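Two complexes follow with chain A in common, the first pairing it with chain B and the second with chain C.
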Partner chain A sequence: MLGLIAPTAAASAFDLLAWSPPGWGATLVAGLWNTILIAFGAYGLGLFIGVLGAFGKLYGGPITRDLLGVYTTLVRAVPELVLILILYFAVTDAVNQFLVFNGYERIQLSGVAAGIAVLGIVQGAYSTEVLRGAIQSVPAGQIEAARAMGMPPMLLARRVTLPLMTAAAVPGLANLWLTCTKDTALLAVVGFIELTKATSLAAGTTKAFLTFYLAAGVLYLILSLLSGVVFGRIERWARKGQRPMAGGGM
Partner chain B sequence: MKKTLLTLAATLAFGTAAFAEPLKIGIAAEPYPPFASPDASGAWVGWEVDFINAVCAAGQMECVVTPVAWEGIIPSLTGGQIDAIMASMSITEERMQTIDFSDKYYNTPSVLLTAKGSGLTPDASGMSGKIIGVQVSTIHEAYAQAHFPDAAEIKTYQTTDEAFQDLSAGRVDVAFADSIANDAFLASEVGMACCEAIGAVADDPAILGLGIGVGLRKGEDALKAQFNAAIAKVIADGTYDTISKPYFPSSIYGG
Partner chain C sequence: MTKAFWKPHRIVMLALAAAIVLWCAFNMNWTWLPDYLDKIPLAIWRTIWLTAASMTLGMMLAIPLGLAQAAGPWYLSTPARVYCSIIRGTPLLLQLWLLYYGLGSLFPQFPWIRESWMWPILRQAWPYALLALTLSVAGYEGEVMRGALKGVPGGQLEAARAMGMPRTKSFFRIWLPQALHRALPTIGGETVLQMKSTPLVATITVVDIYSLSKRVTQDTFIVYEPLLLLAVVYMIMAGMIVLLFKWLESRVPSRTA
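Here is the complex of A and B:
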C-alpha cells in the first residue's frame, strides 16, 4: 500500500511546488518577499532606534537613561507575540477611538506597517544593548590618545569610536538580523500572509504538510545562508587592520 | 481651479472613507472550504467569496477581500483594519454586545464528527469522557462548553481545519463544526478514510445563533442598511441560487 502511494506522492510534491498554479511556488515566494520586506524594515528601524538608544544610554542625562532603561527592560521582558497582539489590536483600537472621539477619520494600520513597527521596536531594544556593549568595548586608551592629539569629538567618533565599535558590533547585529527574519513568522497570528502563513495555508488546503513545511524550511535556510555571506563580508571589512577573529561569519 | 485643487488635496489628505477607499471585507485567513479557501495562486475562492462579490455588486459597493486571523477578526473590525466581516460568522447575542450584524445570509446546522464506527451519540451522555476539538471563539466552542460538561477536554484550535486534522490523527475523539464545512472534510481523501458524521446537536438558538450575518461596527447603520438591501436583492433576483448551485445540492439559506 505504502509502496503504491509513495511514487505518486513524490511526483505530486514537485507539482505542488511548481511555479504557476496548480503549483504553489509563486505564492510561497510572494510570502518570502513579504518576510524579507518586513525584516528589512524592522531591522532598519531597530538599528536607528538602537544607535540613538545606545548613545542616549551612555551619554544622556539621568531621565533619558532611565526612560531607555525602562524601554529595553520592558521590551526584552515581554514576548514578541504579546507585543504584536498589543500593538496590532489594542493600540490601533485605542488610537482609533481617540481619533473618532475627537472627530477625525479612523486610521488603518496595514499588516506590513504594524509588522515593521512592532518588530522594529523589539529589534531597537536589542540593538541598543548590542551597540552599547560595542561602544563600551572600545579601549579607553585609544580614546584618550585621540583626545591627547587634540581631536574634536565628532572627528574622534568618526575616526576612532565608530570604526572600532563597528567591528565589535557586527557579530551581535548579524545575530539580530537572523532573529528578525524568523520573528516575522509571528505576524502569521494576525493573519498577515508572510512565508509561514502562506505555507500553512498551502499545507492546510492541499494537506501536503511535509512538502510545504520542508519547502518553507529550505527558503528560510537559503535566506540565512545568504545573510551569512553578506555579514561575513561586512565583518571582514569592519575588522580591516585588526587581528582576524576566529569563527567569523556563519 | 484653485478651490478644486484644495478640495482634492483635502480629500487625499483625509481620505473620506465614503468614496475614496474600497470597503475591506474581512474573511478568516484559513482554508475553510467550500466557503473560502486560497487557491494555488493565492487568490481566495469559494461560495462566500462569490457571495461577497455578488452582494458588493448588488449594493454598488467597491470591496476588497482582506484575510485576517479568525481569533482577531472582531478586534480587526473594531480597530478599523477591516470594515465588515463576512467569514461565516454566526449572529449571536454574545457577539452583538461588541459588534452589529446584518440580516442572515445562510444558516446551517452544527454537526459532530467522529472516527468511523465510534457509535457515539450527539448528546451530553455520548460526549462524556471524550476529547472534543473545536475552533476557538466559535459557536461550537461555546456550545461544547455549555452542553458537554462531562467531556474529558474541549481542545481549541486556531482553525477548523486543524481540528479536523487532529480528528484524523486520533488526538481528539470528536470534532464539532458546521455541517457544510464537515461535508467538505468528509469528501476529502483524508476525511473519507477516517471519519463520519454522527448527526446534528440539539438546537440552542441562544448559543448557536440565528444564522450567518455580515459583522459591522456598532453605529454604522447606513452601511448596515446598504448590506441588508444588497443581500435581499441578491436573494430576490436569483443570484443567490446561481452562485450556490456549483457548491451545494440544496439551498443553505435555511429557516
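Here is the complex of A and C:
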C-alpha cells in the first residue's frame, strides 16, 4: 500500500515525511507555522475591526451604519479568493503609492503582512456580525443602569458591554477562528507558502501526492481539534457565574 | 422601496455609488470585454451548475449523515461524526487537491480502470471538482441536519407512531419535512458559502467564471477590471440565491404564535 502511495523507488512515506532534507517534514512544519501566524494575525485584526464595526453599527450615526452595512454585505457576498486577489493588489498598490508619494522606494510587501491584512479585512466583516448579535444579547437594563450611573461610553464598553457579551460571542467567534485557519489555505493560490502550498510543493517534487496531502490534512485536523478544546475552555470561563439555562434562571 | 429607505444621506450615498460605477465604466480599460463576451455565459453556467449539483448531491448524503448522528446507533453515529469533523476541520482547497492529484495519480496505475468506460470521465477535472464540493457539502450540512432533526418535537413522531405510520413513512412525511423547514434559512446561507467556494475548482483546471477572469489577466495583463466584474457577477449570484431561498421559505406555511 505504501508503495502505491509513494511511487518513487525505495522511498517510504516515513522517509518522505522525515525532518531532515531528504524528507519534507521541516518544510511542512514551516508551512504550518506560517499558517498559524497568519491565522492569529488575521483573527486579531478581524476582531479589532469587528469590535469597532459592531459598536458602529449599533450606536453610530446613519452614515456610519450604512457604510458598515455596505462593507459587511459586500465582503460576505464575494468569494474570499476573489477578495484576496483584489485586496492583495489594492493593498500592495496603496502601500507603494503612499511610499512613493512620501519619497521612499517601492517595496515588495511581505507575504505574511499582506496575508494578515487581506484575511483580517475579510474576517472583520464576519466578526462585526457575530459581535453585533452578541452585544444585542446584553440585557438593555444593564447598559441603561451603567449610563444612569454616569459611566462614560468607553468605560461602559470595557466594564459592562464587552464582559457581558463574551459568553454569547464565543461560539460564533470559535467558528470564525476555524474559518480563519482554513481560509489561510486560499493564500496558496496567490503563491504564499503556507501549509497547503508547502504540501503541494513537496507533493509535486516527490510525486507522492496522497502521502503529503493526507499528512497536511492530519496537521490541519490537529489544529482544529486543539482549537476546539481551547475554545471550549474559553466558553466555560466566559459563562462563569451565569446560571445554567435548564435551571430556568435569567 | 419603502419611504424609510429614502433618507437624504442615502440619496447622497447612492449618487456617490452611481458616480463611482460610471467612473469605472468610462475611465477603466474595458476593451478586452468584447473578445470574451461569448465565453462568459458558459463560464457562469459552470459555476451555477457546480453549486446546484453539489448542493443537491451533498444534501442527499447529508440527510443520512444527520440522521445517523441524531438517532443512529453508535456504530453509525461515530463514523458520521468523525466524517463531519474531518471535512469541517480541513480546508476545501486541500481536499480538492487531495482528490485531484492524490486519487487522480492512483487511478492510471490500474489497467482495468484505464480500459473501462469510466476512464474518459476520470481523466477530466470536473468529476473531482464535483466530488470534492459534494463531500464538503455533505460534511457541513450533515451537522446542520443533525441539529434540525433533533429539533423536531418528539410529540410529532409519537403522534405519527400512534396513528400506525411505519417508520420509513413517518420519517419521510413527518420528521424530514419539518427538519428541512427548520434548516431552510441555514441551508440558504450555506448555499451562498458553497457558491463562494466554487472558484477553487479553477486551481484544478475547471473553467468556471473565476478562471475565465484569470485568463483575461494572463492574456492582456489587465488586473483590476476582470476582478471587479467578477466580484459583481458573484454578488448578483449571491443575491439571486438569497431571493430564491426567501421565496422557498415563503412557500412553506408556518404558524407564528
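To be clear about the criterion, the second predicted complex is superposed on the first by the 196 of 250 C-alpha atoms of A that agree within 3 Å, B and C clash if a C-alpha of one lies under 4 Å from a C-alpha of the other, contacts with A are read in each partner's own complex, and residues count from 1 in each chain.
Here, a contact is a pair of C-beta atoms (placed from the backbone, for glycine too) under 8 Å apart; a residue touches a chain by one contact, two chains touch by 3 or more.
Predicted, not measured: the structure shown is a model, and the values here were computed from it.
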item: Contacts of A:224 with chain B and chain C, given as first, second, both or neither; value: second
item: Touched partner set for A:63, first chain B, second chain C, both or neither; value: second
item: Contacts of A:81 with chain B and chain C, given as first, second, both or neither; value: second
item: Partner touching more residues of chain A, whether chain B or chain C; value: C
item: Touched partner set for A:236, first chain B, second chain C, both or neither; value: neither
item: Which superposed partner A:199 touches (first chain B, second chain C, both, neither); value: second
item: Touched partner set for A:189, first chain B, second chain C, both or neither; value: both
item: Partner chain in contact with A:89 - chain B first, chain C second, else both or neither; value: both
item: Contacts of A:207 with chain B and chain C, given as first, second, both or neither; value: both
item: Where chain A meets both chain C and chain B, residue numbers; value: 85, 89-90, 188-189, 207
item: Chain A contact footprint on chain C (complex, rising order); value: 7, 9-10, 13, 85-86, 88-95, 97-98, 101-106, 109, 192, 195-200, 203, 210, 223-224, 227-228, 230-231, 234-235, 238-239
item: Complex interface listing, chain A residues touching chain B; value: 20-24, 26-27, 30, 85, 88-90, 92-93, 96, 104-110, 188-191, 193, 197-198, 201-202, 204-205, 207
item: Chain A-touching residues of chain B, taken from the complex the two chains share; value: 14-17, 24, 28-31, 33, 37-42, 67-70, 72, 75-76, 78-81, 159, 161-162, 188-190
item: Chain C contact footprint on chain A (complex, rising order); value: 4, 7, 62-63, 66-67, 74, 76-83, 85-86, 89-90, 178, 182-186, 188-189, 196, 199-200, 203, 207, 209-210, 213-214, 216-217, 220-221, 223-225
